[in-house]
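In what comes next, subunit A is part of two complexes: it sits with subunit B in the first one and with subunit C in the second one.
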Partner chain A sequence: MAIVAIIIRRLLKAARDRKAGHHHRHEHDWSVPVIDACSDLDSVFHKWDPRLKIFSILVYCFLVAALTKIIWAFCALIISLAAVKLAKIPFRNTKRRLMAMFGFLGMFLVIMPLTVPTQPGDLLLFFQPIPVPFNVRGLLVAIRIILKAFAIALIMEPLLNTAPLPVTIQALRHLRVPDMICQMILLSHRYIFVFLNEANRMYTGMRVRGFRQKTNLATLHTMGNFLGMLFVSSFNRTQRVYEAMLSRGYNGTFPVYTDFFARPKDWLFGIAWILLGTGLLLLDRTGAFIIW
Partner chain B sequence: MHISDGVLPVSITIGTFAATIALTAVGVRKTKAESLPKVAVVTSAFFVASLIHLPLGPTSVHLSLPGLVGVLLGPSAYISIVLGLALQSLLFQFGGITALGANSIMMGIPALMVGWLFKQLKGTTLKSHAIAGALCGFLGTILSVGFLAALLYTGGEDFLGVGKIAFVASLPVSIIEAIIANFTVIFLFKVKPELLK
Partner chain C sequence: MTGPALLSFGETMHDLATDVEVPKEGQNLFQLRSLSFSYADGHRALQDIDLDIFPGDRIALVGQNGAGKTTLVRHLNGIYTNQAGSLLYKGQSIQGDNLIRARRQVGILFQDPDDHLFNNTIYEDVAFGPMNQGLARDVVDERVRKALERVELDHLMFKAPNNLSLGQKKRAAFAAIMAMEPEVLILDEPTANLDSRQEKIFDELLLDYRGTLICISHDLLFLYGLCSRAVVLDHGKIHHDYSLKELVSHRASLREHGLDFTFRFIDCCHSSESHDHSKESHEHTESHEHSENLDHLALSQSDKETAVRIITPPMESVPDEKSQVIRLENYSFQYKDGTWGFKDINMTVKEGEKIAIVGENGAGKSTLAGCILGVKQGSGKYYFKNDLIMHSARGELWRQIGMVFQDSSDQLFCPSCEEEVAFGPKQMGLSPLELEKRVTEALALVKLSGFEKRVPMNLSGGERKRLAIAAVLSMRPQVLILDEPSANLDPRNEELLLHILHDLPVTQILISHDMFFVNNSSHRTVVMNQGSILSDLPTSDFIEDEHLVGHQLDYAYKNVCGREIMKMQEAVENGG
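Presenting the complex of A and B:
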């Protein structure tokens, strides 16, 4: 059903584009959002010690992921929305995150009601042209997953977007994440934008020389070579940068001297988040106030 | 396909995270400092490659390339996959952050297996490299979807239907990835064979 919808949508779009003369104007949009674009605003989250912020919000995320009832998952979603508002992050960032999850979660919403095994006590709906019954319990499971996923996704914004990325990585280091991992995160994050630039450049070059993506072996051959060339030029560039770093005295670590101060307010806020998550989980597991 | 938050039961979430931390620690010990640039390159390329769409009939698919990561990095592949997935999760919300352990296991273990396999099969000629590359590309993706289905099943038999459909839907993608890996390995063999050592 979803595949038919996708096919129809694609054909309509292609027909519309061809008529208007815009051939695949949006064919490749490889833009990557900047992870700390809002880090220079001012809010409770911005002033929070990053180490405590990371630790307590991650614990909160795991507690939320363990919820089993819809009503508490919905509460978690409301809390996440409030946190986003509190951190003064514009809504378009959060909208982007939610839209990105839509594909995987949308699949759950359609497939689960149609494929879950029928258990005694389930409510089954029969829609005429579809041979398989629509299981409402399956729909509720899917909704619960979507609520939890949205709640955790939304809280990622206040977590990451309220401090510059190097500061967040430093906080990770203080939380005992190995040095090599931290450096690789920084390097990889930086290189993503470098390679995107490179990929865009090469791909534009390909298109200018007449390459259009079609479903055939030649396209795959070209894309395989494209990928290989991306690796080769990126690797060459990285080698040069690494050798330049070595010749300037790089000895394996970046000397950074960040001091983090954890005020009592920071500890309280952290404990508050953990208690919030634990409270939700307790309400969830002890079965207060629920139907599903 | 990456698993979102809220799908897996708590025990699996914690278990896969523990396994990921262990495997990452092993990977960190095995990775020499000089190969840090190569690992960072492959991580970023793994990330960027997942943004590239290839046409498949009326729709388009995006690659995940766990096979190619295994081929290029061998034993360090797990770190690269973990970091690539972490960046995808944090930047794009592909896969939930609480599911990072599970997603890493799902893609990282096939990458390690395929890396080992490539080392055994690659031989010295272009043809053997190409065939090994294609096989590893295919196996990398198929195995990771197999792990995906198994992980989803731990959530209860409600998820069996989704797992089965995901497996069937991944067959064309695996073939495409095999072909892409094949061409990429051929290109690298001709242009920069040191990357395949």
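Presenting the complex of A and C:
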């Protein structure tokens, strides 16, 4: 049944692709979602003073990270989804980010039940012929980690995607984050596209001369050369960018400044977020829903 | 709440303590004495440079690839500090306050616009310089808008640089420099890889510029209209410092420094003056015919031979009975964002044919090449040697079609030239003996024999381009695609490349903005515009086409320059 379902799904997708005139199924997608693509929309998050937004959401994230019960982690995820909706960010982008995360976190669902140390009271399931017991507590821990990770990753969307990155960086600077780190974030975001473009062109250059990735030494050798050359060209690029900045009067500080003005409702919104996180943590720690 | 984004500056601005005296009339702006510079690897880039630059000078800084031009101009802005000798800007050495002053007053446009566009919007990039100059917010805002308006990018002000085409990026980087209203403007290959329309925009902007101009370019026809003084660098030394007219009038001097670009305008100017003449001489052999065409230029015998060998227009068209190698029927390509790369293309390429694809930046030329090569898949029918190319066959096209990219660095990733050239054949599973044979053969074809153990990264631009060609030729492709092969090459390397391509017995598809190159290396020219084919003509007819202007391919201005230079050379060579 599962195989039939997979085949039908693939056929449907192929038909959709054809209908849309797309034939890119086998092409590499090197695109990176722009971190502030939705900064020109209008929502309560867009109007919020970036300094208060960063501070209160980061505090909220720490509180969510401290949750120990699945039910409250799930609630945090729902709150994050609501925040994304409130910020008017298209769920398509968010889904891409979550899928990328799930590719890594999904492994926890398999690994943790098989590897957590057994404690008294643990429910152990045995599946023949697997000799290792499947620990249900491990599964619950994995689910909790995934829920919290998703909740925090999702809340990053309203945090970073509702103001232009330079404004967010400027707010970080107001929050006493060192200049050097702020500039590094700004330049990394700008040049990640340039480097990816370079990597893409170089990889295409390899493919048109017949390179296909295989699990052998030759592939390792070629990939080593590829990464080495990419590193060298990135290093050269960094040097040239720095020189271009110097040539235009750069003296160690980005002269990009933004005026911030926190209104009372910005403060109230910030306090509300922190209270929300605190509330979740209190419920988590009061003993209700012991297992979940 | 955020206030208007950007544009204020604070306590970090550095105010200059004192004013430096502005040079009086006749007093030099820059004074370089015995200036030398060596890179960390020991390579000596500049040796004992003595140079005076005066306010209002318009200098063409020319020389072969690797002559030290870029290194020299980076000293003028204080990016490199002088290791030996002295360098004065407005009478003072470039350090301390005068260094800050130099960086704010001397604008330098790098060759790669991505080096200049490091912010998240074009607005911020253009504002970066004026804000570093310590200007007030409203002044900065005014300058940014004015600069972007002049380069016709005001409608893209708040776009991210990565969304712009190469031509737009070049103009944005230029606006970023011009917004600083520099007293001295230094440009490093400003028009490389640009189509004629974009080149014209640059030309007009620079003609309006009233400050001191220093321009590095291999395109002497472009420089001819802009500059009055020529400084020729050769192996890190100044070989000539005289008027540009003097430089272009002396072919011997141009040839000595690898700058002889006259092989280009022999051709560009023949169209109106010697066209009838070439028509008359159809019965003669090709060489004899062109030898006659060159008579009026009073060239030396060796120059004639060189020119005759290269200049072959109109190339004889490929006989109709030759089989079709490539056939595209209603072929289209759409990007993921929904925009069309090109639409409903119908095109054939015959065996042994050399075709050129021309058109302005963004016309869809490279996308079409990507589809022919098999790295992109569009919709419609694509036949290679009468076989319909479906997905599985697309993955095997690399065995028959090779491509040399615009930027050679994109396809050079091995630690030695030998490995680089052997990479493709190795993927084909050839024996070590055959590999060795092909490497030797390919390197010899591109005149790089003896370079086997050299590191590709350390080669000059021209050598790297030839190595990239060798890396493809070693796979013995049936079709060779060349994307802007002459970009960033000095005339000597360009001439050598023309020789190599002329002698190659493979079907060639050339993508280029360089009409001289197109004219000399193609039988047929396909003009693309906004993703469609506008015309498909024999190259000789295309060059004579009066509608080039309408196709954004206006070369009339350059032809006028070419004719002027030719007359001057004739006068000099006749002892006038």
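As a convention for this text, the second predicted complex is superposed on the first by the 260 of 292 C-alpha atoms of A that agree within 3 Å, B and C clash if a C-alpha of one lies under 4 Å from a C-alpha of the other, contacts with A are read in each partner's own complex, and residues count from 1 in each chain.
In this text, contacts are C-beta pairs under 8 Å (C-beta built on N, C-alpha and C of every residue); 3 or more make two chains touch, one makes a residue touch a chain.
Just so we're clear, the structure is a prediction, and the values are computed from it rather than from any experiment.
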Should the pairing of subunit B and subunit C on subunit A count as a clash or a fit in the superposition?
fit
With both complexes overlaid on chain A, does A:L123 touch subunit B (first), subunit C (second), both or neither?
neither
Taking the superposition as given, does A:L268 touch the first partner, subunit B, the second, subunit C, both, or neither?
neither
Touched partner set for A:L282, first subunit B, second subunit C, both or neither
neither
So, does A:V232 touch the first partner subunit B, the second partner subunit C, both, or neither?
both
State whether A:V241 touches subunit B only (first), subunit C only (second), both chains, or neither.
both
Which partner does A:P255 contact after superposing on A: first (subunit B), second (subunit C), both, neither?
second
So, A:L187: does it touch subunit B (first), subunit C (second), both, or neither?
both
Give me, in Å and rounded to a whole number, the least C-alpha distance separating subunit B from subunit C in the superposition.
5
On subunit A, positions contacted by subunit B and by subunit C:
187, 189, 191, 194, 225, 228-229, 232, 241
Listed in rising order, the residues of subunit C that touch subunit A in the complex are 1-10, 12-14, 74, 77-79, 100, 103-104, 106-108, 110, 112, 114-121, 124, 127-129, 131-133, 160-162, 176-177, 180, 332, 334, 336, 373-379, 391, 398-399, 402-403, 405, 407, 409-415, 423-424, 426-428, 457, 471-472, 475
Using the touch rule from the top, collect the residues of subunit A that touch subunit C in their complex.
21-24, 26-27, 29, 31, 34, 36, 47, 49-50, 163-167, 186-187, 189-191, 193-194, 197-198, 201-202, 204-212, 218, 222, 225-226, 228-229, 232-233, 237, 240-241, 243-251, 253-263, 266
What does subunit B use to touch subunit A in their complex?
1-2, 4-8, 10, 13, 24-25, 28, 31, 33, 36-45, 47-49, 51-59, 68, 72, 79, 83-84, 86-87, 90-94, 96-98, 157-162, 164-165, 176, 179-188, 191-192, 195
Please give the residue numbers of subunit A that touch subunit B in the complex, ascending.
3, 6-7, 10-11, 28, 30, 32-33, 35, 58, 61-62, 64-67, 73, 97-98, 100-101, 104-105, 107-108, 111-112, 114-117, 138, 141, 144-149, 151-153, 156, 160, 178, 180-181, 183-185, 187-189, 191-192, 194-196, 199, 213-215, 217, 219-221, 223-225, 227-232, 234-235, 238-239, 241-242, 252
